[in-house]
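You will see chain A twice below: alongside chain B first, and alongside chain C after that.
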Partner chain A sequence: MSQGASKSLLLRGYVVLVFIFVFTPIVTSFIFSVNSDRFPTIPLGHFTTHWYETIFADPDVWDAFRVSGIVSITVATLATFIGFCTAYTDYRYNFTGKALYLSLALLPPTIPLVIMGLAMLALLARINMSGEIYSIVVSHVVLCSPFAMAVIRMRLAQINPDLESAAWNLGASNWRAMQEVIVPFCRPAIASAFCLTAAVSFDEFAVAWFVSGLNKTVPVMILEILQGNTDPQINAIGSIVFITSMTLVILAQLILMRKTINQTATGI
Partner chain B sequence: MSDSSSSRPLVTFAGVSKRYGGVTAVHTMNLEIYEGEFLAIMGPSGCGKTTSLRMLAGLEEPSDGEIRLDGQRINEISSVERDTPMVWQSLALFPFLNVQKNVEFGLKMRQVPAEERQARASKWLERMEILELAERDISQLSGGQKQRVALARSLVTEPRILLLDEPLSALDANLVIRMQGVLSRLQKELGITFVYVTHSQSEAFAMSDRVVIMSQGRIEQLGSPKEIYRSPASRFVADFVGANNILSGTISQAGENLEIETALGVFQCDTGTKPAHHVGDSLDMVISADLVQMSLDDPNTQNSLECRFISEEFVGSIVTLFAELEDRSDFKIQTRQRDLAKMSLEEGDTFFVSWSAADTHLISSGRHLDA
Partner chain C sequence: MPIVIWQLIFFVFPLIFLVVLSFWLVKNYRMVPGFDTINWVKMFSKGYFWDAYWRTLGYAGVATIVTSILAFPCAFALAFKVSPKVRRWALFFLIVPFFTSYLVRTYSWQIFLNDNGIFNTLFALVGLGPFQLLNNFFGTLVGYLTLCLPLVVVLQLISLANVDRTLIEAAHNLGCGRLRTVFQVIVPLAKIGIILGAVFTFILTFGDFVSPYYLGGSKPPTLSILIIDTTKSGQQWPRAAVVAIVMIVTLLTIMFASVAAAYRKRS
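Our next item is the complex of A and B:
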């Protein structure tokens, strides 16, 4: 009993250590974003919102957030739609070359981002589509769709295959059954995929840096500020980015978890 | 309802086959299902019973042959346009809709206005005695309640035929008996056709007017539960249904006093007025376990055998005894528990079984000849 207790204490300690390791830089960055000193040194100065005020007074920052916002919402919408369609074809149909189709569909995230960014730039520049907001959207959709597909596919794996047949049996056409059964069943996964892809797009730097041109997204702008000067403005922007994407990711998890618990309990 | 012979067929399977790649799931099936009857299709798993039902529901397309509903060929009519609702083994209730919305589903798909939808769904919920659950989520229901929702959902469109695919297999034994009563009564009150697929003999026999026994994609026998129980048409049916002892042999004396020679001796069979057999015909002799008498002393009749007690299976007032014959084959006897207690048998004890010549049933090469 006591051996078990000490073991579990040890495990808990280990988990806490891992979390400290992961989150210290972020917490540090946050602390210095509300610290009055110009340079990140200890002992700390006093609490201030000065750096936040500075960045919110800067129209470039607003621009970057606007671009990021437009991009991530558009990307999330498109990527979730494409991801859903891919996942559904995988669930519903069997065809030759399905394995190839699936691996191609899941491939983009395995390509190093720099390579992906370069390739995107090369292609988009050639067809005169680079440097626009939609260039970022196109590139990010490629990058994000597999995430959406993976999330929705997991949900479809839980569906009782009789549900769709039951809908047909009760007079629903293919299209109607999709609307009335498949989409409602996948709704939590769809919402979750939307949040997740929005977060991925909002965070993504490398590809955006290559294709964004003058339409800087927030991560691209951060790097540019960083190259010029290092003052706690960076920490302030970083904290906002972190909170935004963490909120999206946690939301994605919560939606998925709540619904899954709710409905696996039904069994049938 | 059970007077099926005078009604016209509602559903006809005319030479229907279903093949998946090289595997034939259903083999040139011919079957007529009558208006208002309770028909059970029974067989071991993989016998093609569910495939037949799914073809009738339009969820599978026959590879060959024709399915007619009310005289009309329906092979090409999609499931959506047939009014052949099904109660699924998994029930397939929509987990994201509440009870009321589940029941309304079929009406909604048929563009029935919301008000009428609600009224009709409520009527069926009331009929299934679950009106008070209308606003509940599916996850909050018990097994029996889900069953009732599934029935209401299928019946709300007032179809002429209801298909049931092992709907009771997930319930515990007590609930199965109760739901059997509910289904039986419902079918009689509605007067519509029920086609009920099951692997359970007790479910099939308890509720249906006629039973179809299937094996390996073919119909082995079609008849009333009593016919199937007392006069199995094939060795498969005799094995699958009831508790039968089967002795194989050849006819050693034909005519009125039929005699059959087996490895265990010569036995008498009373064929009554049925057609004569010829000496040398080989056939199977079926002796139902519940028509066997037991005794400790040799009864000195021709239809008796000595056997050794192996084990017993106690199910309430009836006991099934497993014994071994001298050639080490099994022999089953069903008797009342109190009769068995009088004999006080121990494992390994020998005793005698006997049966009357009139209680033997003969099966020869796929055809059945009543004794």
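Our next item is the complex of A and C:
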């Protein structure tokens, strides 16, 4: 058995290696965001908040965060609404063309972002809608609603189908049953879909880069700094972006988990 | 049905428009609607287009194989060798990177891989190198792995965790060796997750421009870099549209073939 044990140890070591590979760039970015050297290498310089001060003094950065904020909140709202409707339609109804309907709803993430960017730019430029904040919003809703749909659909799969019928039997209209049975049941999924889509939109750079024009979002700004020289500002901006996205994701996770625990406790 | 309307307007319509656009002409830096196959003929007769096409296909293919192979032992260990609690945490930490900026992670790898970077500094300490780690396929591959590895581990892990344990025990009882059990019992049972992971890697790496650009040195170009160069530098949108359509057709073909393979009845 000692051979089995050493193999098992080897496998565990390998898992640790994979995690080191995955987290090295993330941790590095944090470290160099507070490192004094202009050109990041080892040995490290001393601790500094200089790069953060630089970016906070830069009106362009503030502007980018403003655009990103507007975009991600609007996108999250629209995408979650659309995702909910799609998920509900899929859950409730059977109709001809449903396969087509679902593939239409879920296909967008499989199209390369560069192509989506080009296609959106070409179309939006043609109808004079490119280069505005709402150009980014419409493109991002297309990309994000599948995520919202997936999260909410998973929640709907857990609902007892009799609940809605019971509401109807008790005289509730379709609309009222939706409001008082389906929506409350899906509330945690809706909240977490909101956070997830906000996070996805907040991080997306390729499509935004094509259609944004002068309204740069934060990732587009990072992309443009990246095209220039090495600049530790990227690490500082990146760390803030990371913290924002992570807050959203963890929030989404917590909302989902707390609700599940409550429900196992009350036995719903 | 709001999604149908929305997706029709902002997803299907732009893609259809892309096809239309590929037949337009560019005159005096302005696009003129029309129907001319010149963009297709021009692109298809260019050596650099086909070079880029095969290069991109090759990059994505290699990335898919490497990622799947590197991910499997990790997913395997997490599925069979750790407690459920550890598995849940591992899953959580594998999803985290999905929400961190891919651009920033790419930039971090530049710090490690460049000629005076951290790796070469460390190699120099033991009297090795310097090695060229950036601006070649190795750099690109590191970027691809950063993008895909966590996702592939998750997909494989989900599939492996659903494998019926009694079948594995049965194989052991019938005298099937460990490695043989892995390859003849577990891998076929987890086929869907493994193929799904591979398909996602292929889709993501085939369309990605960040890794080949910032870690691979952008030259020679991949198809996505070609699209960006054609769009951003010139007004040659119709030609970029041709490249885009070729990419979509290639991706769809490979996707359908793999999904068919994944769900084919087990004989």
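By definition in this document, the second predicted complex is superposed on the first by the 246 of 268 C-alpha atoms of A that agree within 3 Å, B and C clash if a C-alpha of one lies under 4 Å from a C-alpha of the other, contacts with A are read in each partner's own complex, and residues count from 1 in each chain.
Here is the rule we go by: a residue touches a chain if its C-beta (ideal position, glycine included) is under 8 Å from a C-beta of that chain, and two chains touch if they have at least 3 such contacts.
In this text, all values refer to a predicted model and were calculated from it rather than measured experimentally.
Enquirer: Looking at the superposed three-chain arrangement on chain A, would you call chain B and chain C a clash or a fit?
Expert: These partners fit in the superposed model.
Enquirer: With the two structures laid over each other on chain A, which partner does A:S103 touch: chain B (first), chain C (second), both, or neither?
Expert: Once the two structures are laid over each other on A, A:S103 reaches no partner at all.
Enquirer: Where does A:P219 make contact in the superposed view: on chain B (first), on chain C (second), on both, or on neither?
Expert: So A:P219 only meets chain C here.
Enquirer: Does the superposition put A:S36 against chain B (first), chain C (second), both, or neither?
Expert: So A:S36 meets neither chain B nor chain C here.
Enquirer: A:P184 contacts which: chain B (first), chain C (second), both, neither?
Expert: Only chain B is touched by A:P184; chain C is not.
Enquirer: Touch test for A:N160: chain B only (first), chain C only (second), both, or neither?
Expert: A:N160 contacts chain B only, not chain C.
Enquirer: In this superposed model, does chain C or chain B come into contact with more residues of chain A?
Expert: On the superposition, C touches more of the residues of chain A.
Enquirer: Between the centres of chain B and chain C, viewed from chain A's Cα centre, what angle do you get? Round it to the nearest 10 degrees, please.
Expert: Vertex chain A, arms to chain B and chain C: 100 degrees.
Enquirer: Report for A:W168: first if it touches chain B alone, second if chain C alone, otherwise both or neither.
Expert: A:W168 contacts chain B only, not chain C.
Enquirer: Quick check on the superposed model: minimum Cα to Cα separation from chain B to chain C, whole Å please.
Expert: Chain B and chain C, overlaid via chain A, are at closest 24 Å apart by C-alpha.
Enquirer: Which chain A residues are contacted by chain C in one complex and by chain B in the other?
Expert: none
Enquirer: Any idea which chain A residues touch chain B in the complex?
Expert: 160, 162-163, 165-173, 176, 180-181, 184-185, 187, 262-263, 265-266, 268
Enquirer: Residue numbers of chain A touching chain C in their complex, please.
Expert: Within the complex, chain A touches chain C at residues 4, 8, 11-12, 14-15, 18-19, 21-26, 28-29, 32, 39-42, 81-83, 85-86, 89, 101, 104-105, 107-108, 110-116, 118-123, 126, 138-139, 141-142, 145, 149, 199-200, 203, 205-206, 210, 219, 222-223, 226, 230, 234-235, 237-238, 241-242, 245-246, 248-249, 253.
Enquirer: In the complex of these two chains, what residues of chain B are touching chain A?
Expert: By the definition above, chain B touches chain A via 57-59, 78-81, 83-86, 88-97, 105-106, 108-110, 138-139, 146, 153-154, 157, 170.
Enquirer: Using the touch rule from the top, collect the residues of chain C that touch chain A in their complex.
Expert: 1-4, 6-8, 10-15, 17-18, 21, 70-71, 73-74, 76-78, 81-82, 90, 92-97, 99-112, 116-118, 121-122, 145-146, 149-150, 153, 178, 203, 206-209, 214, 224, 227-228, 231, 237, 240-241, 244, 247-248, 251, 255
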